[in-house]
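You will see two complexes here that share chain A, one where it goes with chain B and one where it goes with chain C.
So, the complex of A and B:
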């Protein structure tokens, strides 16, 4: 069953430029759905529209099968976790967790029980009498999560909840949030600018840019089959390397001495992209091309090699530790199947391979 | 800080504190002096008897005046805190068309001197038949631009997400105000309450206008009455009256100061 069904939503502030343009997607029950995009792409606005904190300019919104586009936030059966947690500084952790439950006519006894359950789930039992200011960032985050859990709403909305935590804690909380969502079976919409969070946590992700949907799909599908140039460069770190390639008879010429067959090719010049990990070291076999190392970063488990490709900075990511001098020529190898092609004007993907259907995979995943 | 610096600093502080406080201290001392002693220019009274105080009580119904002032100042304090809270809340959390313009107009009333509005206010109160009542003394002061401004600035520091969190939870606006905004803004509320109480306590012109009945006069008028009756002969009695009048405000200030400091330090240490 669809928990949330967003259809053709448009949003503009004061009749000015569109913030969201014709956004349609659906979220299944129990699904972890991440919305990812650069800052200012409209992802928070979209979440606030779903929460009912913001009006739509046009479009409809169904939640659990009911038209909810004009209803108030509390009628939508949602809980929400904010970026700054929105904890009440004068209340204890326990009071913060059960905040708002009295409005729903839930008895004191039950409130207490829910509070204890949430606290046990999050490891907050020892901290229930503290005030938020006596907690660390991660603990505050957990309290905010506890409030969402205690409300027992079937839909949970999260707006960049981990962005105020340090890197180590963030990866820990990533796993925790994911586990809790699975255990409680809530439908989750999770907004983030961090593509790592989106990739690692979500069942499906939606990439948003400048108010319009770029791609919706399972994380790996989005990674392996980016539908346009924006998705290709946004998802993945370091980003996909891009260069212009020219059509030369039956071949596409990427750079001097590197061409790939293009039989039956209808497009003219294209953009070609290769992920950094697909630029491998050509040890034995003849290299696809060679390049002079411009800069090298050795990270311990992997090495980033930077070089110029038709004037663009390209990065190759090799596992292990490699030591090259700057200016040294390195032989590189790329499998043809790992080259992505995009239309230069629209940025749309050119692909003979068919992308696996979303729906089938979705049902299998659930 | 070296010892020498400390000594110099504390000496300077003590001297300036003494200078600042001297008028009040002198008034306090005079309140124990007999008529002649003041004119002789003495600083320390010959004996500390309360004859001046009992005289002050007899000359004018000072206790009644103190009571009146207390009632009026408390009413104004409560009224201002309530009305300013509600106004500031809607200026901060409830979006409506023309909110900013309305707020600007509201704030700009601070530039109109109170005296300019006195005549219309007086006519209103008189036609409502509220002269010589506590309401007539206090109601015109309930809505105050300054208090609204002060509280709005405080409310604006409350993250908007808190309001949204209450909306998602289904908590009403009033409960949000009562359970979240007010407790979080306690310090500012205390400041506003003390400020409005003291201002109301020191009011002179308005009570003079709207009260004719002896029973309804406030302390500041009582003091003036006393002064005009005595005319420089019985300074001791006048000062005794003055000390009685400033005593409640001093107590309030001391009590409030403690709470203010509490609130300030609580906010400062994260």
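So, the complex of A and C:
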């Protein structure tokens, strides 16, 4: 069953700048759905529309099968976790967790029980009498999660909840949030600008840019088959390497010495892209091309090699530790199947490979 | 860090403490100087003068000890003056703060043209006491004043606002509330702006009512600002002088003769500087005590973030 069904939502402020343009997607019950995009792409606005904190300019919104586009936030059966946690500084952790439950006519005893359950789930039992200012960032984050859990709303909305934490804590909380969502079976819409979060946590992700949907799909599909140039460069770190390539008879010419067969090709000039991990070291076999190392970063488990390709900075990611001198020529190899092509004007993917069906995956996941 | 530790070990503690104290005082020197000239010296001089009989120029004549204080607490005039002051504070502070809070809550709504109202509500800040007192003098004028015109349209009889001992203090309190509202409003509006909007949004999602969120979110988070405003209004109210001088001159029948006005009359009309100083000292201890009490009470109730 669909938990949320967003249809053709438009949002404009003061009738001028379009913040969201014709956004449509659906979220299944129990699904972890991440909305990812650069800052200012409209992802937070979209979440606030779903929460009922902002109005839509046009479009409809169904939640659990009911038209909810004009209903108040508390009628939507949602909980929301804010980026700054929205904790009340004058209330204890326990009071913060059960905040607002009295509205739903839940007895004091039951409130206490829910509070204890949420606290146990999050490891907050020892902190229930503290005030938020006596907590660390990660603990505050947990209290905010606790409020969402205690409300027992079937839909949970999260607005960049981990972005105020340091890197180590973030990766820990990533796993924790994901586990809790699974265990409680809530439908989650999770907004983030961090593509790693989206990739690692979500069942499906939606890439948003300048208010319009770029691609919706499960993380690996989006990673392996980016539908346009924006998605290709936004998802993945370091981003996909891009260069212009020209059509030369039956071949696409990437550089002077590197060409790929293109029989029955209808496009003219194209953009070609290769992920950093697909630029491998040509040890024995003849290299696809060679390049002079401009800069090298050894990260311990992997090594990043930067070089110029038709004037663009390209990055190759090799597993292990490699030591090259700057300026040294290195032989590189690229499998043809790992080259992505995009139309230069629209940025759209040019592809004859078929995407695996979305529905098949969803059944497997649920 | 290591270097600092070594320094501590080398130098004797007291010597080091003295040199940092000296350095600190040096930084504070400009403000200490100003405070000393305009606050500390007059304050100690006042205490000193309150223990003496003086001539008309304020030169000390005879040491009388606490004689002035004893006399004051036996004089009906001073006691009624104390009563008038306390009443005046009770009339102006709660009403003024509540009015400013109400206006601030209204002006904090995100509505079109709200900037206009914010300007209007805070505009009394820009009015001098003298100018606004003169305006109210016209309002209260028994024959041409708008106050009487208004109550006549409601079928009531004309009133001698400032000349009737029963209404005079209230009639001075009203302009005072009006004058103080601008400042209180502005500070409270600033306090409201500082409350994180996501707290209200969280409340909206939980579905709590407006009154509940006012009581459980707004007021607790505004409490530091409220404490500040109540304290400042209280002190201001205790020290009211200008509007009394212009509107009633302490009359009729000393019904508006608040302490500061009484001090002024004793010192510069009756040239009884010793007694006036004693009154000033009493007022000072009064305000000090109230402020300390307020902070003691506030510590428990106020939530600093």
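Worth pointing out:
By definition in this document, the second predicted complex is superposed on the first by the 366 of 366 C-alpha atoms of A that agree within 3 Å, B and C clash if a C-alpha of one lies under 4 Å from a C-alpha of the other, contacts with A are read in each partner's own complex, and residues count from 1 in each chain.
As a working rule, a residue touches a chain if its C-beta (ideal position, glycine included) is under 8 Å from a C-beta of that chain, and two chains touch if they have at least 3 such contacts.
A quick note: this is a predicted structure, and the numbers were derived from the prediction, not measured.
Once the two complexes are overlaid through chain A, chain B and chain C clash, as defined at the top of the document. Contacts of A:82 after superposition: both chain B and chain C are touched. In the superposed pair of complexes, A:13 makes contact with neither chain B nor chain C. Once chain A of one complex is fitted onto chain A of the other, the partner contacts of A:72 extend to both chain B and chain C. Residue contacts after overlaying the shared chain place A:90 against chain B and chain C alike. With the contact threshold set out at the top, residues 51-53, 72-74, 78-80, 82-84, 86, 88-90, 99-101, 103-104, 133, 147, 151 of chain A are in contact with chain B in one structure and with chain C in the other. Chain C makes touch with chain A in their complex at residues 196, 198-199, 201-209, 216-217, 220-221, 303, 305. By the touch rule above, chain A contacts chain B in their complex via residues 48, 51-53, 72-74, 78-80, 82-86, 88-90, 99-101, 103-104, 133, 147, 151.
Across the interface of their complex, chain A is touched by residues 159, 161-162, 164-172, 175, 180, 183-184, 270 of chain B.
Residues of chain A that touch chain C in their complex: 51-53, 72-75, 78-80, 82-84, 86, 88-90, 99-101, 103-104, 133, 147, 151.
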